[in-house]
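Okay, got some structures for you below.
Two complexes are shown next, each including chain A; its partner changes from chain B in the first to chain C in the second.
Moving on, here comes the complex of A and B:
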């Protein structure tokens, strides 16, 4: 599966321009992390990719074909977990997945439903009505429906919201396994999730792509721009973004990113989060 | 394949919803409203009461409820935000199609359940005249078809607005229009079809056809509207117009919508059920057509072939004229507006003819130019689906042509000559009608019909003669009973389905008693000839009528419900007597339409006469107990009634409530108070013999052609009494 975005722009009817001249190429197998602050355009980008929205300009190519022509093919090969979704409360987990399997046109879906239920650890709840499930369990049902039929292209928008740490790790591993032979696009605010499983990262802000590459490449961009200092030494300077603040016995230890580190800041190895914040802050300055 | 699979899944999902269950259960139970609250079919036939009313009420309620279910279901995915998951897999258009089909199937299941539940109930309530065919047609047509209309209209409104609250307002307004402003327009009242009666004893195909036509017209129209709303379904984050522009790119979609809408408009405008008769019923333009000069009609023949399956008729008629004018003349006929005329020939040659657009009293005018020849034989073919009078469009069903019943009146039977006078033989006519073997032909009037040929295709040809330009014939699966009283023969024709009811009511004995009594006390009926009278039970009409040698009895008077009406007699046989007495007090001496709250009507003298007959049959004690005492009790209660003592409170009530109370009070006044007054008058004038003499005089009085109705004042004058004399207080 290959998805190409060419000069993609999206402006909502109220005049708000959310995406501007986006150019991207996504190719399986890959697990791509989509990062960006709130309102950056991540969800809009995902909605465009699942044909829930139509771009105001530009093209989306699916395996080289325009989305308008390949929509049916895309939808039959797509697993999508949106950020905000609902379920039919009156159905059981199995019935709901059966329903979604039918929507996806899966024939004899019993096996794939069982696999999906197993994958999201909901075997005990198979016959429970959805209205009886907790928030985390509903999220897992959402993930399960996306996994149905082993689609070639998976889009997860904030999939680990509402899950406890143990479940998060479980799903990170699941996504990683899933992406071995498929294209998975994962949007999240949790940098740790991205760092641990994604082989590609796309950072968007203000509707533009700021970065595409591997996590290591993103980290490399921040080398020399991350440092630590004691708060008592702080001199307010433009362009210095404090990323952490830790109370210690000796005082408050701060970590910051900046284009040019002040002299009282001691350079340190950047993390992915540092690199991400550096990228975003640099764009803000520009 | 995917759509079928989706449809199955969506149906299963729909049927798992508690709200769906609730709607289905309420819809199945909703016909009960027609037994208690909502009774649009006003006739007192058993099928009107126990099938038409429940089915129509059920249709109204279930149509509304399924509309609500449609809104609930269509809004559900958006409300619970499952839509984003669903539309990632299938397009909103595909899903909307699946949902509407699913709702339709749920409606079909509901109809099936309702029919199963109400079958034994209806059968039990209706008794021996229950008709399975009527039942299996009435429920799907009156109730079943209301549900898809409710679903389509509500779904269309939702797809346009995408807002449940606004949709509910629009849907409520659309339903309210049908129940109020459109209620008297048979083509517009989509929710509550204009069905005023279903016949117990005869068939109801005409009214079923009418309702089916109306409902299918709406179904096509709403399918068109729904298709347009479907094209407006929001897609790709676009608004209504943006989505519409995207959807119409596949040209077949808007084409289908336009075809449906166009077809519905054509079906609406070109309806075949009723004509375009002038709504001004005082207009008599056809009576003003000038008579031809020096042309007389010397006779005519007609061969008529009803198609009892299609409800149509075809005919061939030949008129003979003597044209003494020496020039061409325009001859005018009245013809049913539903008929097409063809092959018009005079002396074997085609002649020009014209059918007027103007229609009056269920007739269009057919004008034919006949040649200047001295002897002219004018022949023509005509036929089609007869239309009924537009001014009676809410009471359709009278022009029934089926294997069970047929009523053809005047221009519906054959073209009615308008402007050519007869010769001395007064329009001698020979009419032949070919009918299925099981049907009996009864010409209304003195004529007798004979079978002149039997055909291999299961039909036989009847022939009768008459002397008139118009005429009425009845045909059906009739039973004929002959009752001879003092040399006077009554031919009593009633529907075979009514045999059990007629036997248990002792119809033949009742006829004997009534004829015996009434002929002796009042004289022969003015519309019977000296030796013979046909009493013909007609399909439910809302009244009866009489002509020379024949009188019509509305089947509604002989329903089990009516025959058990204690106000008309303590037993069904006595009610039968009551209804037959109306031949004397009610038809020949027709009473004018009584004013609201008026005690003078045909009922007073009829109830009094019934009492007198019963007194003769069963003795004074019986008559006193079951008649006089009953009247007295009802009248005593009447004078104690709160609204009678305080009419100002009645005036303060809403109009419909006022009408309901007034109707009940009027009923007591006409059926109980008036007979008591007549009884008092009897005492004041010197007893029964004196009263009989007075009534005999009134019955045989010379009628004023301008106002032939018997009035209360005439009665008082004949008795030499005043209204105060008959005061019961």
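Moving on, here comes the complex of A and C:
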């Protein structure tokens, strides 16, 4: 599966331009993390990829074919978890997945439904009505429907929202296993999730792609721009973005990113989160 | 798609609303049968097609609300959130919409069946009368055009704004249609100058009902073709 975006732009009817001349190429097998602040255009980008929206300009190619022609083929091989979604509360978990399997055109879906339920740790809730589930369990049902039929292309928009740390680790591993032979696009705010499983990262902000590459490459861009210092009576300089602030017995220990580190800041090894903050803050300055 | 149809029927029929409106139909229908229909209309027997048609026309407002409310299951805000998932599947939106419309139609038909069965039980219990075949024509004439129009127009409006359906429920159109039908049943026997006349319809009434039916079908077809995607 290969998805190419060429000069993709999206402006909503109210005039708000969300994406501007995006160029991307996604190819399986890969687990790609899509990062960006709120309102950066991540969800819109995902909606465009699943043909839930039509771009105002540009082209989406699926295996070399325009999306308009390949829409049915794409959707037959697609698993999609949107950020905001509704479930059929009147149905049980198994019935809902059976319903979704029918919409996906899966024949003899029993096996794939059982696999999906098992993958998201909901075996005990198989016969429970969806309205009785907690927020985290509903999120897991959403993930399960995306996994039905082992699609070649999976898009998860904030999949670990509402999950406890143990569940988050479980799903990180699940996504990683899934991406061994498939294309998985994962949008999240949780940098830790991206760092631990993604082999590629795309950072978007204000509708533009700021970075594409591996997590290591993103970290490299922040070398020399991350440091730590003790916050005493210092006036924090403009352009210094504090990424952490820890109260200790010796004072307040701060970690910060900046284009040019002040003399009192001691350079440190950047983390992926530092690099991401640095990238976004640099773009804001520009 | 049979599976989807089955699940949608289950969602509609096992809902609190559906059970509630059946209870209202049973209560109100029994009142109408015992207070109005039992007297017979225009000097005809209570079980004449005229009296039966008058009963059906009095039940139309309830069925109208029921039919439109069933459609709200597919146009609500919660439904829009579900669409985020269902629209990412390969099924054609028009086919999916049609299947769900058929489920709403089935639900409405079941409500209409409750109205009819109530009358049948009433006639059997009160008059030991079981010649149901004579009731087929007034049933078709009264229910089919009105309910097809209710569903067609409701589905059409639901495509634009969900709240339009609630507005459509509140308009006095069903009362008007009920009165129109009711007056046909109550007044026509008197114009025929025969005691307990056989059931018949004037050309004008047939044309009016046909227009209603065809408008309903046309709105259904337009709504089915219109797959609101972008």
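Methods note: the second predicted complex is superposed on the first by the 283 of 286 C-alpha atoms of A that agree within 3 Å, B and C clash if a C-alpha of one lies under 4 Å from a C-alpha of the other, contacts with A are read in each partner's own complex, and residues count from 1 in each chain.
Here is the rule we go by: a contact is a pair of C-beta atoms (placed from the backbone, for glycine too) under 8 Å apart; a residue touches a chain by one contact, two chains touch by 3 or more.
These numbers come from a predicted model, not from an experiment.
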Chain C versus chain B on the shared chain A, clash or fit after superposition: clash
Partner chain in contact with A:230 - chain B first, chain C second, else both or neither: neither
Partner chain in contact with A:53 - chain B first, chain C second, else both or neither: both
Partner chain(s) touched by A:78 [first = chain B, second = chain C, both, neither]: both
Residues of chain A that lie at the interface with chain B and also at the interface with chain C: 50-54, 75, 78, 80, 82, 84-88, 90-91, 95, 98-100, 102-105, 142, 145
Residues of chain A that touch chain C when the two form their complex: 50-54, 72, 75-76, 78, 80-82, 84-88, 90-91, 95, 98-100, 102-105, 142, 145
Chain A-facing residues of chain B, complex: 2, 5-6, 8-10, 12-13, 16-18, 76, 79-82, 84-91, 235-239, 246
Contact footprint of chain A on chain C as seen in their complex: 1, 3-4, 7, 10-11, 14-15, 78-91, 96, 229-230
Of chain A, residues touching chain B in the complex: 12-13, 47, 50-54, 71, 75, 78, 80, 82, 84-91, 95, 98-100, 102-105, 142, 145
